[in-house]
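Take a look at the structures below.
You will see chain A twice below: alongside chain B first, and alongside chain C after that.
== the complex of A and B ==
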């Protein structure tokens, strides 16, 4: 098991390097000059030159990249060009907010998605099964940000049940916190929920036809035991694969959801950084996303190996 | 070919999807004919009107005489706005119809770019294997690990003035990973067949074997993934335009309409409801059709998203 984990960690390194190299190259190809953006109207060539040296922009690109990597290894993401803050400090709180939103959404999506999928698989061709299938297609077709807007309109404006935008300040009560979380989390959860419901249903249906399910039934086990202990456990592998792959999708949704709900998260901060040509923040944000993604995949792979011992040895 | 259409007509969901797609494609092609107004004309006396079937009368002067246009001097005519007007007095229905042009164009062109990249990389990796497979698949993993919207945003940022071409490229360069993986898998299993050895023994080049013998056998997954990718690209374009990074106003795109209307959601909900509904319906059409094609062309469900 340990050998398996070490192998997985090592194989993640080229992916991380690749992602930072791609981002680094692309943002430096971009036309806008961060020095010019920062100085605005008061452009003075002499000061600009000094700033450029200070920001490290006068060195050749490979050297700049090497400096970035060196700092990264020490856990330092550099200094924001636009806001007078270290990137670490700037992104820490926002990253936490994004994680809070994403994890809540993911929990909701996994619980509800699997429940819907199992319920549909118990009685194929029933009205419930049909409804779940409709939800599975509709859920991936609805634009995340439009869904957010419509939920705001219905539950925020018309019914007034939940606040329309924002996140509570630090120190708010749990209830306030949760009411702010409900609409963004439901919005963000819809697409993964639909995908999980669908894969759970098809995976369960496939497993239910196996001989060992018939054996379990034949020896008189109750429906609940058969479903949970025999069927679900075996149907889990494809479901977990899908959940793992969903993470990139979730972050994509997070950028849009955060915009709709004015949620102070990493996604929104990244979009702002890109329009302001704030290179260190862009690189730092992308690196954070990528590291998170790699960790999530690692966890998913470990869960596999734990559920299905065959995987450990291949 | 006939069995395909027979099955298509019997598959209710796929057929419904096809009908939706055809309707929107027709609306996009014949937009100048079917839209009641120009998508960018601002009817200054008719702004912020909610949807209504009725003919709207322009306001009158304080003395009761009909209002005239300040520049042309013509009398202001009553107008009909089925989906209401936006804050500038533009017809929402016409903008929704013209928005279909942008969405479908981006959806299709970006998908073609992604398909090309995905097919080339997937077939090279699958056919040659070895180090080439390793390098290309690492590259694919890297792109796959990247939340595609971020990469698309970074690519869009390299354009001073984002427009259609920028969006084509941003989405095409980010959307190929899934296709590359599936094509690689298909080629990997296909190349073990005897017909490949036969082709090689009569002296076919590698390129000819891939293009004439292997890829035609991958047509089913290419069609299915392509259809589903159109849906995804339409969603992404709308998302990017919603963030203000894609198609720029006054060109009507469903995404930028939603970006403009968002601040007035409470006061003018119709301005947000209709473009979003059109977007959701179009994407639904492609998803239903793509899923249906998968059922028809690939009964054993080999192609997973």
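== the complex of A and C ==
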């Protein structure tokens, strides 16, 4: 297992290196000039030149990349071109906010999704099963920003139950601030919830037809034991895979939700950085996403062994 | 039965996610909006983005500007009617030759850290903007706005590292600050009203110039408290404000990038004013409780198109005139802006000492447009290849462009629309690659110089401002002379002649002046929106005069 972990971590290095090289090349190939964005509309070319030197953009690209890599090794992502802030500081807060939203959404999606999937699988072709399947199809089909706006209208404006924007309210208590989480978390959870519900249902249905389930039933075990201990545990592998992929997608896919709900997260910061050609923030953000992706995948793979003793890592 | 359940489930889902409402009926709250109970007198101010910086000398955008204006003071400032009035300078004297400006500072004004403001602080604040050498010593980053002070004697010498200080700036005593110009520059006082030219405390900046942009110290009506990036900036009332008692306790800027989100938050009672999203004006007008909450004026904020006057077919003024007469601006304002604009008939907006009120602009007249096109050698558009109209990615820009495209098709001109993101758009327009493109401008200062010189004089071609590359010798002479002329009547005469030339040459396709219509909660009193304001930024509205009657 330890050997497996070391191998995986080592194999992640070329992946990360490749990602930074591609990102670096792409952002420099894209049209648009960070100095121009910074100077605003109408500016003096002489002043722009000073700024270009200051931002290190006058150096050849390989040198710029080498500087970035050298700083990266020391854990320093550089200084934002647009915001007067170190990228580390800028991303740290944002990443925390995105994690907070994504983990909440993920918990909701996993709990509700698996519950719905199991309920549907217990009585296939029943009314409940159809309702769950309609939800599963609708959930992945509804555009996230539309759903967000509709939830804002219904629960924010019409009913007044939850705040519609931001993460915190000036002068509010912790409990009041928690209400800010509800609508964005539900919005973000809808797609993974629908997918998890569908996968759980089909995986459970498949397992339920296996011989060992019949055996378990035949030896007189109760419905609950059969479902949870025998069926669910065996049905979990595809579900875990989906959850792992979903989580990484949630982190990166929170952009729309973050924009609709004015949530100060990483996704929004990245979109801003891209439109403003804030190269250090783009590179830093992509690196952070890549590292997170690698770690989540590693965790998911490690969980397989724990669930299914047949899987061994060498 | 099974299908029945599916239908019920689907219906329930639709109901849960909100049903479409009948058209023409305002979907939102009919009665008074909810009023949130708050302990302190808090004003919740929406911002469309997180400010890039709060260090005044680095500000180039309207969002940073709007926060900074509540934290800092300069020598002079604009009144709500955009006259120049005293700020930290109690009064000033301009020498006979118009070159020397002597400012007498008021006594007793203090920075938020308790230190009294002196002329030395102004000397430092202005020198700092020009001290690019400090950047090379890694003590500071060069100011993006250095060139705006190049009219000061000796400014360029310091900028280029040939001098230790600026010869034209001096502070003979704590209350006197003197600026000498190298040549006459009539709009200089207006330029000084920009948020870049405020006073910053020398000691605090020198101790930690990087940190200063994150926790600024000014002299203004509000004191910086905290800044959570992309979420909120909290300012507290300055209880020792030198000018007057600030009526609010707290000013919270809430970062909300989406216009629909801001609108929802306003309806929800979560913010105290908002802009009105694209397409929502009809809802607002149809809603008896929202309609009286609308405030705003026609702003010095232009939306038009530029022709690249160097490239065919737009090097021919007849083509430019034909395009101008072909577009129905009234229809654009009525159908797309829902009335939030005024037809642009001039190259300088209403609201300053100079405005050509009697100009007819280019009235919508397809017959005339066709005649011009024929005169140019393209009867019914024959022989004219397809032109590309380049715009940014906003929905509004696309809708306007579609109407322009249709209007031009009527006179036989084929137009394709090309959208690119702002950064790409700027790079290409400055490089002179685009031939027919969006041209927007919000006044830095309400002086014709900021338009007729910066945007149309031939030495300003490209990035400095003249993106249409318009070049006309007599026009150049007039606007160069006008910026050096102190006598106002003479300046009006010069700008009048210059604008006649511009109108005849038509370097732009004039469209409209924006109206900054804003929804303001009924309990907000004392808020005055000016012609230099974007919304929801409300850059020049004086928040120290605002109070709440909840």
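Assume the second predicted complex is superposed on the first by the 291 of 314 C-alpha atoms of A that agree within 3 Å, B and C clash if a C-alpha of one lies under 4 Å from a C-alpha of the other, contacts with A are read in each partner's own complex, and residues count from 1 in each chain.
Convention: a residue touches a chain if its C-beta (ideal position, glycine included) is under 8 Å from a C-beta of that chain, and two chains touch if they have at least 3 such contacts.
Since we're looking at a predicted model, the values are computed, not measured.
Novice: Specify the outcome, clash or fit, for chain B and chain C once both structures are aligned onto chain A.
Specialist: By the criteria stated at the top, chain C and chain B clash after superposition.
Novice: Between chain B and chain C, whom does A:141 touch in the aligned arrangement: first, second, both, or neither?
Specialist: Touch partner of A:141: chain B, not chain C.
Novice: When the two structures are overlaid on chain A, which partner does A:157 contact: first (chain B), second (chain C), both, or neither?
Specialist: It touches chain B and chain C both.
Novice: Does the superposition put A:56 against chain B (first), chain C (second), both, or neither?
Specialist: neither
Novice: Examine A:256 and indicate which partner it touches, taking first as chain B and second as chain C; both and neither are also allowed.
Specialist: The answer is first: A:256 touches chain B but not chain C.
Novice: For A:33 in the superposed arrangement: first (chain B), second (chain C), both or neither?
Specialist: The answer is second: A:33 touches chain C but not chain B.
Novice: Of the partners chain B and chain C, which touch A:22 in the superposed model: first, second, both, neither?
Specialist: It touches chain B, and chain C stays clear.
Novice: If you tally the residues of chain A touched by each partner, is the higher count for chain B or for chain C?
Specialist: C
Novice: Which listed stretch of chain B (7-15, 25-33, 43-51 or 223-231) steric-clashes with chain C in the superposition?
Specialist: After superposing on chain A, the stretch of chain B hitting chain C is 43-51.
Novice: Same chain A residues contacting chain B and chain C, which ones?
Specialist: Overlap of chain B and chain C footprints on chain A: residues 30-32, 138, 142, 149-150, 152-153, 157, 259-260, 275, 277.
Novice: In the complex formed with chain A, which residues of chain B make contact?
Specialist: That would be residues 13, 138-139, 141-151, 153-155, 157-160, 231, 235, 238-239, 242-243, 245, 258, 262, 265-266, 269, 272-273, 276, 279-280, 283-284, 287-288, 291, 301 of chain B.
Novice: Considering only the defined contacts, which chain A positions touch chain B in the complex?
Specialist: 14-15, 18-19, 22-23, 26-27, 29-32, 137-138, 140-146, 149-150, 152-153, 157, 202, 248-249, 251-252, 255-256, 259-260, 270-271, 274-275, 277, 282, 285-286, 289-290, 293-294, 297
Novice: Applying the document's contact rule, which stretches of chain C touch chain A when the two form their complex?
Specialist: Those in contact with chain A are residues 2, 5-6, 9-10, 13, 16-18, 27-29, 34, 38-40, 42, 44, 49-50, 52-53, 55, 58, 60-61, 132, 135, 141-147, 150, 210, 213-214, 228-232, 234, 250, 252, 254-258, 260-262, 264-265, 267-268, 270, 420-424, 426-428, 430, 440-441, 454-455, 462-465.
Novice: Going by the contact rule at the top, pick out the chain A residues touching chain C in the complex.
Specialist: Touch residues, chain A against chain C: 30-34, 36-48, 50-51, 54, 82-85, 90, 93-94, 97, 125, 127, 130-131, 134-135, 138, 142, 147, 149-154, 156-158, 160, 163-171, 259-262, 264-265, 268-269, 272, 275-277.
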